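Take a look at the structures below.
Heads up, the next two complexes both have chain A, just with different partners, chain B and then chain C.
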Partner chain A sequence: MTERIFAVARKELIQLRRDPRSLTLAFGLPVLLVLLFGYAVSFDVKDIRLAILDEDRTSTSRELIDAFRETKVFRDLGAISRRADADRLLTKGKAQIVIIIPEGFAADAAAHRGGQIQALVDGADANTASISVSYAEATVGTWGQRHEAKLSTMPSGVRPEIRAWYNETLDSRLAIVPGLIAVIMMVIAAMLTSLTIAREWERGTMEQLASTPVHPLEVIGGKLLPYLAIGMIDMGGTVLLGIFVFQVPFHGSLLLLFLTSLLFLLGGLGLGIFVSALVKSQLVATQMSMLITFLPGFLLSGFAFDIDNMPVVLQGVSLLFPARYFIVVTRGIFLKGVGIEVLWPQILALTLFALGGLTLAVRVFHKELEP
Partner chain B sequence: MAAAIEAIQLTRRFGDFTAVNALSIAVETGEIFGLLGPNGAGKTTAIKMLTGLLQPTEGTARIAGFDVERESEEVKRRLGYMSQLFSLYPDLTVEENIVFFAGLYGVTGARLKQRRAWVLDMAGLDRQRDTMTSALPLGWKQRLALGCAVLHEPPVLFLDEPTSGVDPLSRRRFWDLIQTLAESGTTVLVSTHYLEEAEYCQRVALMNRGRLVALDRPAQLRGQATDPLFELETPNPLRAVEVLSQDPGVVDATLFGRNVHLTLREAANADHRVRDLLATHEVAVTSLEPVAPTLEDAVVSLIRRTGGAADD
Partner chain C sequence: MSPGRVRELVRKEMKQMLRDPKMKRIIFVAPVIQLLVFGYAVNTDVRNAPTILVDQDNTPTSRALADALTASGNFKITERSSRSGDIDQSLDDGSVLAGVLVSPGFERDLRAGRNPAIQVLVDGSRSNSANLVRGYALRIIQRFGTEQSGQAPPMTADFRPQVWYNPDLQSKVYNVPAVAGVIILLMCLLLTALAVVRERELGTLEQLMVSPMQPSELILGKTIPVAIVGLIDLVLVTTVALLWFRIPFRGSYLLLFAASLLYILAALGMGLLISSISRTQQEAFMTMFLLFFPAMLLSGFMFPISSMPPAIQLITLINPIRYFLEILRGLFLKGAGLDVLFPKLAVLAVMATVLLLLASKGLRKKIG
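Right, the complex of A and B next:
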């Protein structure tokens, strides 16, 4: 039994070595994704282009302007002098936010009448706009507290002090690298296996296999082994890159990460085999596996978008995709250092997924190979 | 002793279409058994059912006494199969393909060494062992495929149109290999649409439209062309074919070199009827002689009587 599994696995490795397309997918894509998300893509909003129109022209208004300039999130484009300039800058996209301090602001503030300022944002990018507004509010709020403290001799009551646990600087990269592992596994699992199995159907070699005493389980085993190894190598590389290049802290258990990755990968590989045995064409199999694993892995897993903010229907749909659970696991192990005591529901879901994926693969193989 | 290959009322339907209809054959051990028939006759479907690659709708198949459906493990260990489509791995070298299939057949260790050497020698691929399989000419690929199918020395070998598309010299060489295998006791069932290849077989089954039409030795099969065949010599063969083709008493009239071959519906008075017919159309007759049918004549006649070829 094992002899035949190794025969298939050995053959698979030889073929993989000679296939540039699969090699690129197997080893190039993970590196590309890590670099892309590590360096180029960031969900953080920084360097918001800011223009300020100061109609008040008092020392108070200048203090507020300085407060904006001090923050690292805004990049000051310089003062403007007319409201028409504000329109022009926003329309052309040169400024993302314009702060207008109206005449009488300082006087109102001093008289506790609630000095008002106006913020105009470019709402075309709603995400950046709302973040810009929050930053602007925070900047004004902090400045207001300081300002009042200076004016009154009384200690100003309660001050909020906010700390983000597990990711103090709220650096999105820290969340991205652990999430990326899930996405990469999906690529390896679904795309690569669907290519190799569908190719056997297309070329008629599957029928040749079926005429030999090799058992469907042995074919599946031989196909799983190399891709399981590649998936784990990719994962190891991603983890190392994350820790040493992108300085992502690793607080949890490597062993647990290894075991959960195996579970996730097994399920994904099973699904890939199922799909390609079903459609029997490399092209369709790749598209199908993209559709059912890669895209949901990206979009519905919480990797890029917060699941809690999705419409309820999509939240329900996301429950069906294992990447969702695996991302909780990787982030939990990396950033929080938690173990089975916290992650057991996710690990249970991944186990079910692995069993389900492999069962589907074996069943469809039996059906297609045995008459 | 049980037959090496046995089909009993083997039937396969695809929806309304019956690809193989109640096929019963028994192939003796060590026999080279030919499966003839036009495209769509059901040869490949029959072979797939006999090898266990396709489940029959009805009937049973036995290989070396083992039921193909119920004892598939035993059966698969005893058969070699070479499909119509070249189905080794083109991105593996000659030797890698051999080693891979040997692994699947459980041929390992010293036996692997010995069998690998035997296959390379038999197929004449000793110097190509590190050549990528995709780079081999088709005839060589087919020899390698045959080698891979007999790595485990199966007592029963199925070859589905193994020589289609291969040049005559390679075909000849391939048949030499088949005969060598049969001499060492291997039972070979081979399908072909090259009629001259049927002469290499001890017995031939002719299939048409899913049914077994004839089963006999090639020499006996030739005699089954019961439609009388004549050769007509005439100064105006083209006109003769034109005239004869329109006559209801003539089954077939074709140019054969500078002469015309005629198949008639009835032998009685053939000579007179043809001469009269041609005379009324002012076609001169140099000679009109009955001729002995070739195997091709016999097969064409049998196929015509059983409804014509499925793809005509």
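Right, the complex of A and C next:
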């Protein structure tokens, strides 16, 4: 039995080698994508485009403006002189926030009447907008405290001490890279195998395989092995990139990551085989596997949008997509350094997914090959 | 070029596309379902963040602080404990996003004016939510402190933010139109990228070649049906966005239609170009994936463009999704008119023209 599995695997490898473009893509794509996106994207909001309208023109107002210019989160577009400019900059999307210091600000501040500072914020991008508002508020607050400290004593209050764990500076890259590895490997795994069996059907070589004494289980095993090897190499490459290029701290166990990756890939590859055996056409197989893995992988896995924030029904739907579990595993092992004592529910889910994916693949395949 | 032949080819393509009920579902039902599902998923507002409270003070003041946190609607206390170690535990297993620790003596210190600390720990492995939650916690605790200390806050500055277009700062009004744009692009690419390669692999391309059909007619005949399907899909998803998700629409429908048409044409050009340079369906699919993936991530949809490295920001200038999303946002949220949107529309028009020209050149070579 093992002999025949290896024979099918060897055949698959020879076929793969004859198609160097696809082979390059299979090896290069995941590493390239993680490299590109790990470098390119982040959720951090910085360089918020800021315009300032100073109608007060006093040393106090200039002090406040300097406070805004000092922060790294804002990029000053320069001073403007009329309210109409503020409107124009916001409507055209040139500025994301406009700070207006009305006349009489310094006088009110000195008299403790609360010098008014207005901020016009482009709320179209709610995420960036709420972060810019809180940065602006903090900037004004810090400036106010400094200003106040010069004049009198600070009143007592509560000191909020807020710390972010696992990622002290809240650098979004540290959270993105482990998530990206999971999402990309999900898509790659299903893509690697979704074409392989559909192609044999389309070219009519499946009948030839069926007429040989090879058992369907052996066909699937043989088809799976080369892609599993490719997937694991991809996985290793992306993890190394994460650790050495993006400097994501790796606190957990490499062995655990290896084993869970194996489970995850088995499930993903099985799913690909299932789809391609089911529809028998490369066109439909690719569409189906994209539909199942691509957008759900990005949008329902907790990669960019927290699952906690979703409606309960959707949280239930997200349970069906394995990328969700694998993201918890990669982030847990990378950043939190947790082990099987915390991750066992996810590992259990991935095991079920692997078993399910392979069973479905064998089932459908069996049925299709029956005379 | 004969309009009659083009019409016949369009009719044949439409028939072929819609004959397969599976395909019909993929074309017309999948986008709507995708938008319904993902429209709910793309939410970055943090409401009711699961929080563990460790109240070691257990006084009326510490309870008032807990109330202040939950009353804001930003925090929901899902776990309580008296041991600070439980915060670590709960953050580790991911059951909470934040932990709040009130140390013993909090009330006493506050009364005595000793500036007691409240510790808040947030899960930095979910950096996006953690960032927002940090801001909420900071604001709520500071305000609580000034209220409790009984002293009037120092009225140095009075900060009054005024949020335009989206006063409640709901993320869905930004994200739902974006998802619609991404779904439409994916659909158009999937339909065209494999179109010509498929005919070649199946051997039907030779049949078309021996017919009196000219290459330009063939290209039009392949483009028009997908453009029609794309526009129908766009109407469907826009309806869902407006009626189901209640996204406000403040602009002109005519402009939306014009922008969509240009966007769809650019997408088709991209798809046909892929089809013309690929030899097999597998290759076409992989190339499509290789293009679509960056186009989606570098469009400003999930990740702000202004935070990308300068070189990458330059790359986003050739990304049609970026322009379409800017137009959508302008139309939906800002009610922007032609004067503001004209440059973006012009860029889309140029992109569509260039891509379609390149595609037809490539296809001509392939067919001729």
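To be clear about the criterion, the second predicted complex is superposed on the first by the 351 of 371 C-alpha atoms of A that agree within 3 Å, B and C clash if a C-alpha of one lies under 4 Å from a C-alpha of the other, contacts with A are read in each partner's own complex, and residues count from 1 in each chain.
We take it that a residue touches a chain if its C-beta (ideal position, glycine included) is under 8 Å from a C-beta of that chain, and two chains touch if they have at least 3 such contacts.
Nothing here was measured: the structure is a model prediction, and the numbers come from that model.
Partners chain B and chain C, once the complexes are superposed on chain A, both fit on it without clashing.
Once the two complexes are laid over each other on the shared chain, residue contacts for A:4 go to chain B alone; chain C is not touched. Contacts of A:33 after superposition on the shared chain: chain C is touched, whereas chain B is not. Residue contacts after overlaying the shared chain place A:82 against neither chain B nor chain C. With the two structures brought together on chain A, the opening angle seen from the C-alpha centre of chain A toward chain B and chain C is 90°, to the nearest 10. Which of chain B and chain C touches more residues of chain A is settled by the count: it is C. Of the two partner chains placed by superposition, only chain B is touched by A:211; chain C is not.
Contact with chain B, but none with chain C, is seen for A:14 once the two complexes are overlaid on the shared chain. By the touch criterion defined above, A:332 lies against chain C but remains apart from chain B after alignment on the C-alpha atoms of chain A.
Of all Cα pairs spanning chain B and chain C in the superposition, the closest are 13 Å apart.
The residues of chain A shared by its contacts with chain B and with chain C are 19. Those residues of chain A that touch chain B in the shared complex are 3-4, 6-8, 10-11, 14-15, 18-19, 203-205, 207-214, 370-371.
Within the complex formed with chain A, the chain B residues making contact are 51-55, 69, 72-73, 76-77, 79, 81, 83, 85-92, 96, 99-101, 103-106, 108.
Residues 22-23, 26, 30, 34, 37-38, 40-47, 49-50, 65, 91-94, 97, 110, 113-132, 134-135, 137-139, 141-142, 144-146, 148-149, 151, 153-167, 169-171, 173-174, 179, 182-183, 186, 190, 194, 198, 201, 281-283, 285-286, 289-290, 293-294, 296-298, 302-304, 306-309, 312, 326, 329-330, 333-334, 336, 340 of chain C are the ones that touch chain A when the two sit in their complex.
Contacts from chain A toward chain C in the complex involve residues 19, 21-22, 25, 29, 33, 36-37, 39-49, 64, 75, 90-93, 96, 108-109, 112-131, 133-134, 136-138, 140-141, 143-145, 147-148, 152, 154-168, 170-172, 174-176, 187, 191, 195, 199, 202, 279, 282-284, 286-287, 290-291, 294-295, 298-300, 302, 304-306, 308-311, 314, 317-318, 328, 331-332, 335-336, 338, 342.
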